[in-house]
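Next come two complexes, and both contain subunit A; in the first it sits with subunit B, in the second with subunit C.
And now, the complex of A and B:
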């Protein structure tokens, strides 16, 4: 019986494994292999060992792109997830208008990121954007800062285009909270627990695994973040918003150096996998209970 | 027993495979008649795949629509059909073409998207050598000047058919000059000092003097920058006429960067740093900036009431860059990505049609694209209907310095570096020397 069950499991997993092999595994192997070659738009790959890795690690722009990527991962896994968590805890209390708020909060997340990028370049335009009117309304004198055009502000301006819109995390947290037995809340209410005590002693411990999941999703998203940066600043001004995907894109399409671009891809994959493993370790349940993360 | 069964199964599989292969082989000729990607059709038609970025609101959308359509009505094109893929914007188009070069799946006709990718395409071996077609048709070859063909030649072989010449100069708003009390020069400011004096007068009158940008390729800023370099001295002129320069730390380039910094910081709109071309063009259309560098393809926009106010065309004047400078470069030409001889022949027929004297005049009339052929004589009627265009055609002859510009002459990653570093120059986050050093650094990556 167990053997037959095993056959069925294999059969169901097989299509997924085949797809994975063709769609992910084969390209990853190709990327890794060609990262060790000199490979350009007009040259066939020729083995050069770790030359591409030496090149990128000797390029300060690459190191800046790694630093920016890591900072964005940290911001996304802390601030972005926290915003979603706080929103979920608030909405879970079902205050007046909570359904409307939940829907409105989701809107920025369903707008294509490329469109969001264009929208922000217009909103933040210092000569005709909303920011100009905002500064006038607030009575701030002097020239309106060029938030996306000046490297002093660009990193934070680009970050602001996504960091507060954490509705997908909120949805995950709300789904987890909705599965909690109501008796627990009733018991807490009978014991005189305040809403913040309920959050601290009931909701947050329950949400630990969901937080872990959201942190993994957030970090992986940041390692591969590209479109909104490309639409707003293309990694500039200077290198202020340059991250790994944009650096890879430039190596591939502007320098036509596919070997170098794939070396960046390998670093990106290693960084992504390392983050997932580290986060899994961080969120591993202390009581030995098997969870989605372990 | 088991061994026999395996042998039977293997034989069955082999038979099946052989049958499938045979079916595949026999299917080829029938498929070819309708297969867009295949050889010439069985019914005598040839279908050419084209990726077209001249679509939607593109300045040349109507012209290319006419061109493709009218070609199929000619004797050479009556059996040709086009299979279009539309990609709006040259930026997206250029990226796609580069990817297709590496994957070896270029369209049969590769339209030029402004970026100079002739060398990459030629060295990849994915585009056809057009030299034999030029040699076989001396009349066609004679349409082009030597420089235009040379620009499209790699290792002695011609890979691109130039379809126009690219020139740029300065448009100015007559009303704003009048408002600032400045008399516009007849042809050009004699010196850059005079030009900067005029900028100061504009500022004093509350008018933004210059249109500039930095995003994408920093097109407008680069036109100013190119002029600043080329008109300095003979070295600058020579540098600006050199393809793929790698040393940007010359006195001329650094000197130009210093002036460019001043222009970005003091004489342009607040959104120039980080800004794209389109909002900057809107500033000019709205009468918010006095001088705007660009090419003749912008002229139809002056009459387009969806872009500019009614009557704007009459407010615009034309002058050369200070010290009589003008960007003048042959364009990277259209290429042939087909490998099948029938398709190459059909594609070449189209390119010949595209570059007939009549169609060069038509392109000038409909898009402002400058004729590539010195043999083209612009009809007086066209000049009368479009005085600005007539002025462009006349003013070119008065240029004392002509030079290339970045999209045609610089490495792609240097154009990008120029674009992303420029805002730091504008806000004095880096010095002109550092700016030039970063451009050199980018060029060395190639």
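And now, the complex of A and C:
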């Protein structure tokens, strides 16, 4: 019925796949191949086997960056998603002002992450930031600590810039809950279920798949978290906020060591994929709704 | 119903905390942006004695911020258009027809959703330098158009699934060709899906930082998020202007969000559930 169907299919797929190959496929192959070479901004790739991997796994800074990345993934997939979940269960009860709260809560997630980075740098500045007045108000004497500039606090100060801002998750959970047949809630109300029982026995089981999706998204986001760290601490002081993306960035553009950077890229991809596979295993259930991610 | 009311004070307290942590930082930056340098230094929480626009004047003076906005608008606008065009075609045939490469295409695009941006950045950096598109708008447009493919593909793919195939069959019987049927019958029906992809693309690339950072070096292609990085180093000592710069860069995003919030929220949810 359709003339030359095969030709049309090819023509329709081609532009998308060409761009895809140029920006994703070809670079991935290049990264994998050149991770096995000595390759810098000034010399062409020369095969060296696993030398780059030996170098990075022998580098304490690299191991710390892996550790920080994994800790951030763990915090984000648990605490961050839970914050979003609690917010959604709360707002789903439709208390007065729930729509306003949802809108306002989304604002920190909508603005550029670079702006979030600057805002927290300003807020936490010991000379003129709100932190100074806060310490004065609390009656703490002595110099105000520089939370982002002190390796004792920097990791947690950076974490605080994103861990509570879970509105994307909240919105996903709310949408999932609003699609539920209202009869269930009526039946629960007739049976005398309290709101927290409704949450525990109806809402949480319903949200299982959505939680799985959000946990995967949170994990992917943390494996490639860069913007805020770059704007606030650049991985410092020392290595206290160094993670894989920042380590890779430094290897590539500060050391000009492309082979090393791409070895880090390979590790980053493997780490990301293994985390997602592990999470999928954790959330797997027979009747799970299929999405692209889980 | 009764028990619902009992818990309300606690819920409202938590909502208040949420509103506070969401708005307090930006409100503080907004108020401080009208204070003088010495006012900012003397007390963080005081109000400006008389609101001054000097910081805004400085922000405009030391960096061509309008130019950055224009760069961002051009780059984001064209990228959204390219992604919509190529993905609407690719997702259409992939969702409608069976062919050998179909599972491969779906698997590849799904896998790329998980790809950390930094991991592929060195080859892109080198290729772009070799092709002379480093530090150009075209370079960023290419990357951003491609970055939009995975999410947009799955949104469009599932949207086409909701359009009954009978509509196209009727068009073929009327003698319309393949492309005409797609462009005049299918695409108009898929408008809501396209709107979703456009909004998601806008949010993602208007705020995109990493590629803008490594693929630009001058004012020619610098986008708004990178302008913030530039301000951060330029105003290291004159930080009162930094407050104004932050407000100037976040205000358009917030205004866009407030006016389009229903569409934005719908897009975010369909993007996550389908992507």
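By definition in this document, the second predicted complex is superposed on the first by the 263 of 294 C-alpha atoms of A that agree within 3 Å, B and C clash if a C-alpha of one lies under 4 Å from a C-alpha of the other, contacts with A are read in each partner's own complex, and residues count from 1 in each chain.
In this section, a contact is a pair of C-beta atoms (placed from the backbone, for glycine too) under 8 Å apart; a residue touches a chain by one contact, two chains touch by 3 or more.
Just so you know, these numbers come straight off a predicted model, no measurement behind them.
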Quiz item: Taking subunit A as the common reference for superposition, should the pair subunit B and subunit C be classed as clashing or as fitting?
Solution: clash
Quiz item: Quick one: subunit B or subunit C, who's touching more of subunit A?
Solution: C
Quiz item: Regarding the shared-chain residue A:253, is it in contact with subunit B (first), subunit C (second), both, or neither?
Solution: both
Quiz item: With the two structures laid over each other on chain A, which partner does A:42 touch: subunit B (first), subunit C (second), both, or neither?
Solution: first
Quiz item: Which holds for A:81: it touches subunit B only (first), subunit C only (second), both, or neither?
Solution: neither
Quiz prompt | First, second, both or neither for A:104, with subunit B first and subunit C second | solution = second
Practice problem: Applying the touch criterion given at the start, work out whether A:207 contacts subunit B, subunit C, both or neither, answering first, second, both or neither. | Solution: neither
Quiz item: So, does A:127 touch the first partner subunit B, the second partner subunit C, both, or neither?
Solution: both
Quiz prompt | Touching partner for A:158 - first (subunit B), second (subunit C), both, neither | solution = neither
Exercise. Have a look at 37-45, 163-171 or 217-225 and say which bit of subunit C overlaps subunit B after the superposition.
Key: 217-225
Exercise. Once the two structures are superposed, pull the subunit A residues common to the subunit B and subunit C interfaces.
Key: 121, 125, 127-128, 253, 258
Practice problem: Within their complex, state which residues of subunit B touch subunit A. | Solution: 95, 98-99, 101-102, 120, 123-125, 214-215, 269-276, 279, 283, 412-413, 415-416, 419-424, 426-427, 429-430, 445-446
Quiz item: For subunit C, which residues count as touching subunit A in their complex?
Solution: 1, 3-4, 7-8, 11-12, 14-15, 18-19, 21-23, 25-26, 28-29, 32, 40-41, 43-45, 82, 85-87, 89-90, 92-94, 97, 99, 101, 105, 108-110, 112-127, 142-143, 145-147, 149, 153-154, 169, 172, 177-179, 182, 203, 206-207, 209-210, 213-214, 224-226, 228-229, 231-232, 239, 242-243, 246, 249-250, 253-254, 257-258, 261, 264-265, 268-269, 272-275
Exercise. Write out the stretch or stretches of subunit A touching subunit B in their complex.
Key: 41-42, 121, 125-128, 143-144, 146, 148-152, 154, 233-239, 250, 253-258
Quiz item: In their shared complex, at which residues does subunit A touch subunit C?
Solution: 1-6, 8-9, 12-13, 15-17, 19-20, 22-28, 30-31, 34, 86-87, 90-91, 93, 95-98, 100-108, 110-115, 117-123, 125, 127-133, 164-165, 167-168, 171-172, 174-176, 189, 194-195, 210, 213-214, 217, 220, 223-224, 226-227, 230-231, 244-245, 248-249, 252-253, 258, 261-262, 264-266, 268-269, 272-273, 276, 291-293
